[in-house]
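Structure first, commentary second.
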Amino acid sequence: MTVQQMTVQQRIAARVAPHIPRGAVVNLGIGIPTLVADHLPAGTAHLQTENGLLGVGPTPGPGEIDPDLVHAGKLPVTARPGASYFASSASFGMIRGGHVEVAVLGALQIDARGRIANWALPGKPVLGVGGAMDLLVGARTVIVATTHTAKDGTPKIVADATFPLTAQRPVDLVVTEAATFAVTPGGLELVDIADDHDLAWIRTHTAAPFR
Amino acid sequence: MTLVSPTTSIAAALAAVRPGATLMVGGFGLVGAPLALIEGLLVHPGARDLTVISNNLGEPGRGLGRLLLDGRVRKAVGSYFTSNPDVVAAYEAGRLEVELLPQGTLAEAIRAGGAGIGGFYTRTGWGTALAQGREERVIGGEPHLFHEALHADVALIRARTADELGNLVYSKTARNFNPDMATAADVVIAEVDEVVPVGALDPEEIVTPHLFVDAVVCTGVAR
Amino acid sequence: MTVQQMTVQQRIAARVAPHIPRGAVVNLGIGIPTLVADHLPAGTAHLQTENGLLGVGPTPGPGEIDPDLVHAGKLPVTARPGASYFASSASFGMIRGGHVEVAVLGALQIDARGRIANWALPGKPVLGVGGAMDLLVGARTVIVATTHTAKDGTPKIVADATFPLTAQRPVDLVVTEAATFAVTPGGLELVDIADDHDLAWIRTHTAAPFR
Amino acid sequence: MTLVSPTTSIAAALAAVRPGATLMVGGFGLVGAPLALIEGLLVHPGARDLTVISNNLGEPGRGLGRLLLDGRVRKAVGSYFTSNPDVVAAYEAGRLEVELLPQGTLAEAIRAGGAGIGGFYTRTGWGTALAQGREERVIGGEPHLFHEALHADVALIRARTADELGNLVYSKTARNFNPDMATAADVVIAEVDEVVPVGALDPEEIVTPHLFVDAVVCTGVAR
């Protein structure tokens, strides 16, 4: 599969993968972040899922599905050799306690300070949060993997978030199909432009200031 | 004392559930959910006006989702209800009260309830919409939110295997909230696939020691 | 061994045993409480020790000692079938969380309200408390097993404790070689006199009011 | 990443211990104490002016008791020091600072430190001499005391078996404080009897997942 043939989601995931240190303990959020696993060289990361497993393996074949073995997105997974199972309180102890090195999360919006909104829509009842807030305060490094714009084409990277924030903690890196921004004390810093995009496109489709 | 027998009936075990009770129900979605016990609630007249503490409220028409559709649930305390549109509908119609907690805070509050901890501080949720009305405290230079422990009248959990004393081991990610909830209710009822003799479980491997468990129901359905 | 041949410590332990419900989860403190195990019909109680074992068995024979298997008094024990091991935080979760039905504790003093002092001496540096305070607030029923008087013959049951209290929570039952007192909202109530003692002796050797 | 090898030297692992460091050291008395690592501290120049968080401070001349006699310990945080007369003597001579916590509060504070919980409330100790200077709070009608979480620079723990990733299982009551301390320090060094290949431990049975462990030292001395 060439880069051109990949979906935009897969392209974003592929762009995240080089930022995962070899041997790191990584939690992949639902959606695009889950796809990052496909782009990591086999066995180079230890995937933790907050429903109680360290050592998530590849998706099982149709005949190998175990209903007792799922990831946080509730889809079937396998367990690698050296895996371990634990209760929810222990799992979030790992997360809040700083024992997960990298969390890759999706986002609805990213503000100029690198804070993200990824759990609720304005004006809608607030009925789901899951582990997003814990991962955002607890993981040592947080990478956002997101499309550069919303489905309606409006920028997701904005000066001020209009969606409810998931935490006050800024993320460390924002990776889209077009660009990679590092979050610095001074704000967003453009550190990479994808081959099939240019600075002009990024300027047009980014509503927060960046350097 | 634990009531352990492969023949303990679901109805006998669920007699502890009274109208207005607070239940903890294990599972992450349907994985590790005590589905036979939940079905038992549907035919148990005492199971009404319930407060249910569970990560989710099942799926549409499945697991706790059935209990909701049957009008048995007054309030839900959990972390992720949006995957069941029936919950959203019941909430918007004013038929269901919802208390939403971050998943880690939910798990920690349950563990605290079981461990005799009155409450705790977490950084999670600070500066968000879920911080509303919560006490803040700076510890080690970082702002935290206070949460009280959660406790229930009855916990319904699912494990893989019980021994005849009520010691429990779980199956893979079906473990999830079950061991925490096993500690945090006055009456703990475990649904298991099999019951083995005392001594058949490795003492190093037991996740839930029998002192937490009040009744074991063996479904005998290996999955 | 007849009652007359037993040490005073063993006699006290024997007097505690009938108060342990069959099948109960019981934590036995160091000293006289530990001896209660010898007086319980085999297998009728589940002994928890706060260093991380539910299902303490009899003391091992000389050739059977496992250095990794001790009770809270750091002496070798065995584990019964159905036993389980757990970490200290989990063990005290059981205790504080009300999952231990009976704790049997020693005492230096018991006051008129049934509160006990069993961890520190007045005027001495406070350098050891162990699990006493947790057991006292957490166990559903607390039984004190103690000699009726201190070594110097002075009463241990006193109107006001002069030793530092272990908790504000009163115990439920005080068992000595001479008497058993139930702790009620109205104070100490004498519920039993040992065959080899009489009320006059108890009155003389008890410095707290009782009914 | 875990440094696991049957040949990782004690000296290499202990390089993380700097003067003035706060150490957590597992064990209940000598049971489950990492005795080889403690011996290693005696010949490690960086091991001085230490704060040691441990239930006890060893026994006279044994375990942490040796470290104390060697003048390496500035402060001890634990629950029961009276069983070692050397601790009493050092305290009375003003050579040792002591912070005494109820054993359950000690264990909970360590667990909290590892689990990212800033602090918690317990009923234990309320109304006693150990409540002095501690914030009180009534929760559910009962008075509680506040305790902050404990954290260390380095934890020295003992387990029975590690796999080559650093997953750990323990031996009987030698488990005690070790799994809690494994979560609550910046650097966690485990002393084990044996190292087995990845996959040799049952995933349901692993007590300390490898993400907590930074280095494993195999003493190879089965007990």
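Just so it is clear, A, B, C and D label the chains in written order, and each chain counts residues from 1 on its own.
The definition used in the following text is that a residue touches a chain if its C-beta (ideal position, glycine included) is under 8 Å from a C-beta of that chain, and two chains touch if they have at least 3 such contacts.
What you see is a predicted model; the values in this text were computed from it and never measured.
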Winner on C-beta contact pairs when A-D is weighed against C-D: C-D
Chain A and chain C: spacing of chain centres that average the CA atoms, whole Å: 54
Euclidean distance of C-alpha centroids - chain B vs chain C, Å: 35
Whole-Å separation of chain centres (CA-atom averages), chain C against chain D: 28
Sequence positions of chain A contacting 2 or more other chains: 79, 85-86, 89, 92-93, 95-96, 137-138
Multi-chain contact residues (two or more partners), chain D: 108, 111, 115-117, 122-123, 170-172, 203-204, 207
Graph class of chain-chain contacts, one of line, ring, star, complete, other: other
Chain pairs in mutual contact under the definition given at the outset: A-B, A-D, B-C, B-D, C-D
Residue ranges of chain A touching chain B (in the complex, touch as defined): 49-53, 66-72, 74, 79, 85-89, 91-93, 95-96, 120, 125-134, 137-138, 164-168
Residues of chain B that touch chain A when the two form their complex: 28-29, 31-32, 55, 79-83, 87-88, 91-92, 98, 100-108, 110-111, 122-130, 170-180, 207, 223
Residues of chain A touching chain D in the complex: 23-25, 46, 48, 54-55, 79, 81-86, 89-90, 92-100, 137-138
Complex contact set, residues of chain B against chain C: 1, 111, 113-117, 163-165, 167, 183-184, 198-199, 201, 203-204, 206, 209-212
Residue ranges of chain B touching chain D (in the complex, touch as defined): 108, 112, 115-123, 137, 139-140, 142, 144, 148-149, 169-172, 202-205, 207
